[in-house]
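Naming follows writing order (A, B, C and D), and every chain is counted from residue 1.
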C-alpha cells in the first residue's frame, strides 16, 4: 500500500527498472484540465537518462503514453493512466551480482522484506520508478496553474560536494535552471560542479549535494494540521525520493543557532496584503502556507553505485568483493531537480483540493 | 482529515489548548497487550509543563483517562480513547491579543485557512495537541516491545543554540537522558545548556536546538516503498511536531560533502547476521530498515513566544506592536524529547504491523 | 482501522457499552458551521433507550459533551470530539454468561477475532456504539443544510414483521415519523406494529422489519465511481449498523422481475431542469446522484436477545443452555431510524465535500 | 479517489471503454505468490464479451499483460500492473447520440458531475471497467488459497426475471456453474433462462435477476467492526458493480418476517469446532466471519440498453427520442458471475491481511 501518494489528488506508481515498463495512475484529477502527452513528455525529458554527458548513458526515450482519463485534449475526471515502456534494459549485466548485496543499495533490505527481489538493475528501488512521479507532477502543475495563475515551482542545484552556489530564490526561473547540464543557475559554480562530476566519474567515484526548491504564487491557507502540515508533507514527499538524506524548510537547521528575537518573521501590510518582513518560516507557519514563497532544501548522498572494488557479502552471508557494473550517474542531482519539483507540485495540488473541499465561503 | 496518522496503527488526535481537553483515539492496536493508565501517565509526565524550572510554568497535571478499548488490564482490539482535561487554562490572558497576529505563530495562517480561530492560547496549534501523540506513543512502545523484545527508542538533546553535546548514540539510555532537566546525556554540555536557557529566559528571548533519536532492536524489513519509506515516514512524523524546521537520517546533510567511496556502508557477517561496518545509512536502505540502529535528528527553531515588543499587524491589517503574554518555554527541546520518541514509535509500530500483514511465511 | 468512516468528512467512533463511555471524533468538518450541544442532543434523544414503552428500558440520558472543535458556537475546522458517558451500566447482569456464547450475537466472533472480549453487555458490538454515529450525523446534517438549502433526510419504518405500511416517500416529513413511538408514518399500520411489538415482548421473542430512507434536495453529481458509487457507500454505511441483513436502492430486488422497457427512467425537462418521469433508479445512476429523491431500504433481523431458553456452547465448547438477561429491544427499528438517517447524512456530506474539491468551475 | 478499493490489498482500476485500454494496479499483494498471465486470463475469459450467444457480440480478446510486480513466476511484493488493450472499439456507432442522454445510463450524471464525458460507449461507466476488478480478483484468489487451503468462492445465477433456480449453496461447484452459458447450475432452470434471454433479445428488451455467492473454507475472525464489517464491505464491493440494485446476506430481507426464536443460529460443537445449527447469519455475526459458509445475494436490474425507441432529452434539455445502438447484453448476469466472485475475493483477501496484522499470537 506504500505505492500511493496524496489523498485527493492521489497517484499510484508501479514498475521495475527491468520488465514491462513503469507508470502511474492519477486518481482525483479535476475534470476539464487541458492535457496532452507533450505536457508530460516535457517534464520526462528533463529527468531522462542520457540527456547530457554528466548523467547515466542508459538510452531510454521514456516516451509517455496516456492510456485513459483524457478525451479530446481534456481530463475527464476519471483516472489518468500513463505508461512508459522500458527499452534499453540490460539484465545480462546484472547476472554476475544476482546473489551479491551491493553496498548502500536496497538489495539486502528488499531481500529481507520480501524474501525475493528482481535483481535485474535496481528493480523497484531504481530511480526509474520516479518516472511515474514526474509524469504525475506535470499534471499537478497544470491543475495548480489553473487554481493559482501565478503558481510556479522551481528547483535547482545549490551545492555539489563542497561547491556551493549563490542563488536568489526570489528571482530564479526555470529557464535559468535549465541553462546548464548540472541545473545550477549560478553559472560560475555550475562550471566547477560539472568539472568535479566529470573528474569524479573518471575516478569511478560519486558525489552528492543539495537541491533547493521554491514555490511561488500560492494563497495562504494550504496545509492540513496537525499531521499533514505542509512542511511534513513536503518532507515525506522528497525523502521518499532515492538517495535523499535530509530535508529542511526556511531557516532549517540554521534556526537552531538563532534566537527567537532574530528568527521571528514580523508581519506587515505590503501591497495591500499580509506579508512578513523576513521569511525564516519558509512560507509555512503552523503547518499552513502564509502566502510567502515556500522554500525548502533536500540533501542527497553520493550515488551508491561506484566503479570501485568494495567488500560485501553474498546472500548466503559469505564475504566477497564487488565492482558494480551497470550504467549510472556519478551525481544524481541534475536529474533529481524535476523529481523534487514534481513531488512539491503533488503535495501542493493535493492540499489545494483539500482546502477547496472545506471552504464553504460566506454563504450565510 | 489531517488529524489522523498511521495506516494500521492509526491515531486521531483532537483538542485545543483551551476548551474541554485534548485526547486521542487509537484504532488498530492489537488485542491482548497489557496496558494501564500508568503506562501512559509515565510518558505524559515527561512532556508535561511545570516539570522543571527551565520549562513553562503552566500547571497541568495532564492526567490521562482511558475511556475505552481496555478491559481487565488488556487491550481489546477496539479503539482506545484517551482523554486529558485542560485545567490551568487562562483565556483572559489572551484577550488583549484576540485581533493581533503573533509573529511566527499560527494565528494568521489559521485565520487564513479556516476564517476563524480559537484565540485562547494556541488553540489547535498549541503544543498541548501533542499530548495525544505522546499517549498513543506509549501504547505503540508496548506493542513494539511485544514484537521485538530488544526494542528501544531513545531521544535526547544534542544541541541547544551553539552548545553541542557529545553523545554515543549506540550506548545512550533513557535513564541517561532523564538524569537532567534539559534531557542532554552529556552532563557537561547539559549544565551549559541549562544556564543558557535560564539566561535567555531572563532576557525574554528563546533558543532552539537539535534532538537526536535512536531506535534499536528492530528486524530488517520495515518500511514500505516507494512513498512510505521509513525515513520519509519518520520525517513526516517529526516535522508535524510544533517548531521543527529540519530532519536528517544517518549521515544527513553531511552526506552532501562525502564521496560514494567514503559513504557506502560495507556489508559483513557479524555475530551470525548481516551487518554493516559503518552506519551512514542510519539504519535504512532503500526506505527499509536494515537491522542497524535507526538514527535521525530533528532541528527545532527558537520558540516564537518571546517577552519582547515586536512589530506586527492586527487582523484588519493595521500596524501595531505586541509583547506576547502567556506562559511559555524559552526552549522547547527538553519537553520535545518524549514527543520525538512517540512519533518514532508510532511510525515503527505502524510499519511493523504492515510488515506482518504481507509476510505469509514459508510456502506451503 | 475499521472504526473510521468517510474520506473528507471522516468520523472515528470509540467505546464499549460498559466502560468510560462512547464517543466520536469528526475530522474534516468545514469551519464556521453553527453548532451547539443541543443540535446533537436532539438526535441522540431520538435514538436513546427508554424513550417509549416499546424500546429497551436501560436508563441512559446519553448527554453529549462537545470537547473540542467548536468555539463561540461555530465549528473551528479542527476535530470535533464528542463524549457520552455510560451511566446505567449493569455489568453484574452479565457475569453468569461470561463464558457462554449467546446465539446470533457477536460473542463468539469477537472471541475468535481478538482472543478477548468485554463480556459486560455487548461491548463494542452493542448498539450503544451508534451514539457516535448519530452525533456525527447531526453535524453532517448541519453542513448539508448549508450546502443544499432544501436538503432533508427522512427515514421511517415501513414494515415490522408482516405488517406493511403505506407511505408516500415524496411527501413524508420527519414530524410525521416522530408522531408515534414506532416511527411509522402510516398511523393505522403503526398501531398494529406497536401492538405486535408489545405482544412479542411479552412472549419473550423479537421481530425485525424494514426502514426506508429518502434524501431530498441534493444536486446531481454526488458519488465517486467506480468504487465509491453513491449506492455502494450507502449500502456499506447502513449494513455496518447492528442487525441489518439487506439493502436495496430504488426498485431494488423488485427490479429483478422487470424488463428494461419498464424499468428505464425516461428523461424530461420539468420546471426548467432535468428530471426523470419515474424513479426506479432511486436517485442514483452510474453511482452518481441525478437530482431525484434518493430512496433506499434496509432490512433488519429480529433482535438476537430473546427471553427464551436456547441451546448454545461455552467458550470451552461444552453444550449448555442460555436465557439471556439484560435489557433489550424486542424490535430495534424505532431506534434505528435516526441511525439510518445519520449514516445517510454522513455518506452524502462526505461526497458533497469530495465533489467541491474537484469542481474548479469555468475559470478558463 | 473513488477508483481504489481495499486497505491492504488495494486495487486501483483505470480505463474507458474506448481509448488506450483498461487495467488495474494491485498494491499490497504479498510476495512469493506464484502468478502467471494464464491465472488472470482464465478469469477474464469468463467475463469477456462474445463468449456465448446470449451475451454481447463485441469481439474483445481481452488479453491481459502483466507489466510489473512479477518476476520469474512469483509476485515481488511490489505493485502488479495489468493492462488490457481495447480492440473492437467502435466510436462511430456512438456519434449520433453524442448529445443525448440514454435513459437509466450514466450519461447525464457523468455530465452533471464532471462537465465532460467520453461519449464513445459507456466511457468509464462501461462494464469494461470491471476487467481490472476481475484480473485483481484472480490474484486475490491465489493469495487466499495460500492462506486458507480450503478457500473457494463460487457465484451463480439463481434467478433471471421470474425464473427461479433451486441450488444447494453448500454443494455447488464452479464446474457446475460454468456448465452452461447462463451460469445457473440448475440445468432445468438454466434452459428456461437461456430461452427467455434469447426471446427478450429478439424483442429488443432486457431482463435482470439475482446472483448468489458462497465463500467457503475461511477461518472465523475476518471483518473489521464497526464500519468495515464483512457484510458492509461485501455490500459496497458488489453494489459498486454496474446494474446492481440490492444486496442481502444470509436470511437477508426474509429475516424481516421471522421471529428471533426462529432466526437465531444456535451454537454447537461439531467435528471438533464451533458450528451453528442453521446459517441465517450467512456466515457473519457482528460483522465478523464465524467459520460457516458466507452466503450473499445481489440483485441486478434489466440492462438499460434496449433496442426500442424511448423518450429522452438532449444535453440542451430538448425532448427527443433515442433507439440506442451499440452491442450489449440483454441480460448482464452470466458475465457478472466472475465479477461478483472477484469482488468477494478482494474483500476477503483485504480482511485476511488485516487480520494477520493484528494477530500477534500467544503472549510471550
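FYI, a residue touches a chain if its C-beta (ideal position, glycine included) is under 8 Å from a C-beta of that chain, and two chains touch if they have at least 3 such contacts.
Since this is a predicted model, take the numbers as computed values, not measurements.
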Label of the chain whose CA centroid is most distant from the centroid of chain B: D
Chain pair, A-D or B-D, that carries the greater number of C-beta contacts: A-D
Between chain C and chain D, what distance separates the C-alpha centroids? Give it in angstrom. 26
Taking the mean of the C-alpha atoms as each chain's centre, how many Å separate chain A from chain D? 38
When the C-alpha atoms of chain B and chain D are each averaged to a single point, how far apart are the two points in Å? 45
Where chain D touches two or more other chains at once, the residues are 1-4, 7-8, 13, 28, 31-32, 77-78, 113, 124, 225, 354
Contact set on chain C toward chain D in their complex: 1-5, 7, 13, 101, 103-106, 108-110, 112-113, 124-125, 129, 159, 161-162, 200, 205-210, 219-229, 231-233, 235-237, 239-240, 242, 244-253, 255-269, 274, 276-277, 280-282, 284-291, 299-306, 308, 310-313, 317-319, 354-355
Touching residues (chain side chain A, partner chain D) in the complex: 1-4, 7-8, 10, 12-16, 19-23, 25, 27-28, 31-32, 65-69, 71, 74, 76-81, 83, 113-118, 123-124
Listed in rising order, chain B residues that touch chain D in their complex are 7-8, 28-33, 77-78, 143, 146-147, 149, 225, 353-354, 356-360, 363-364
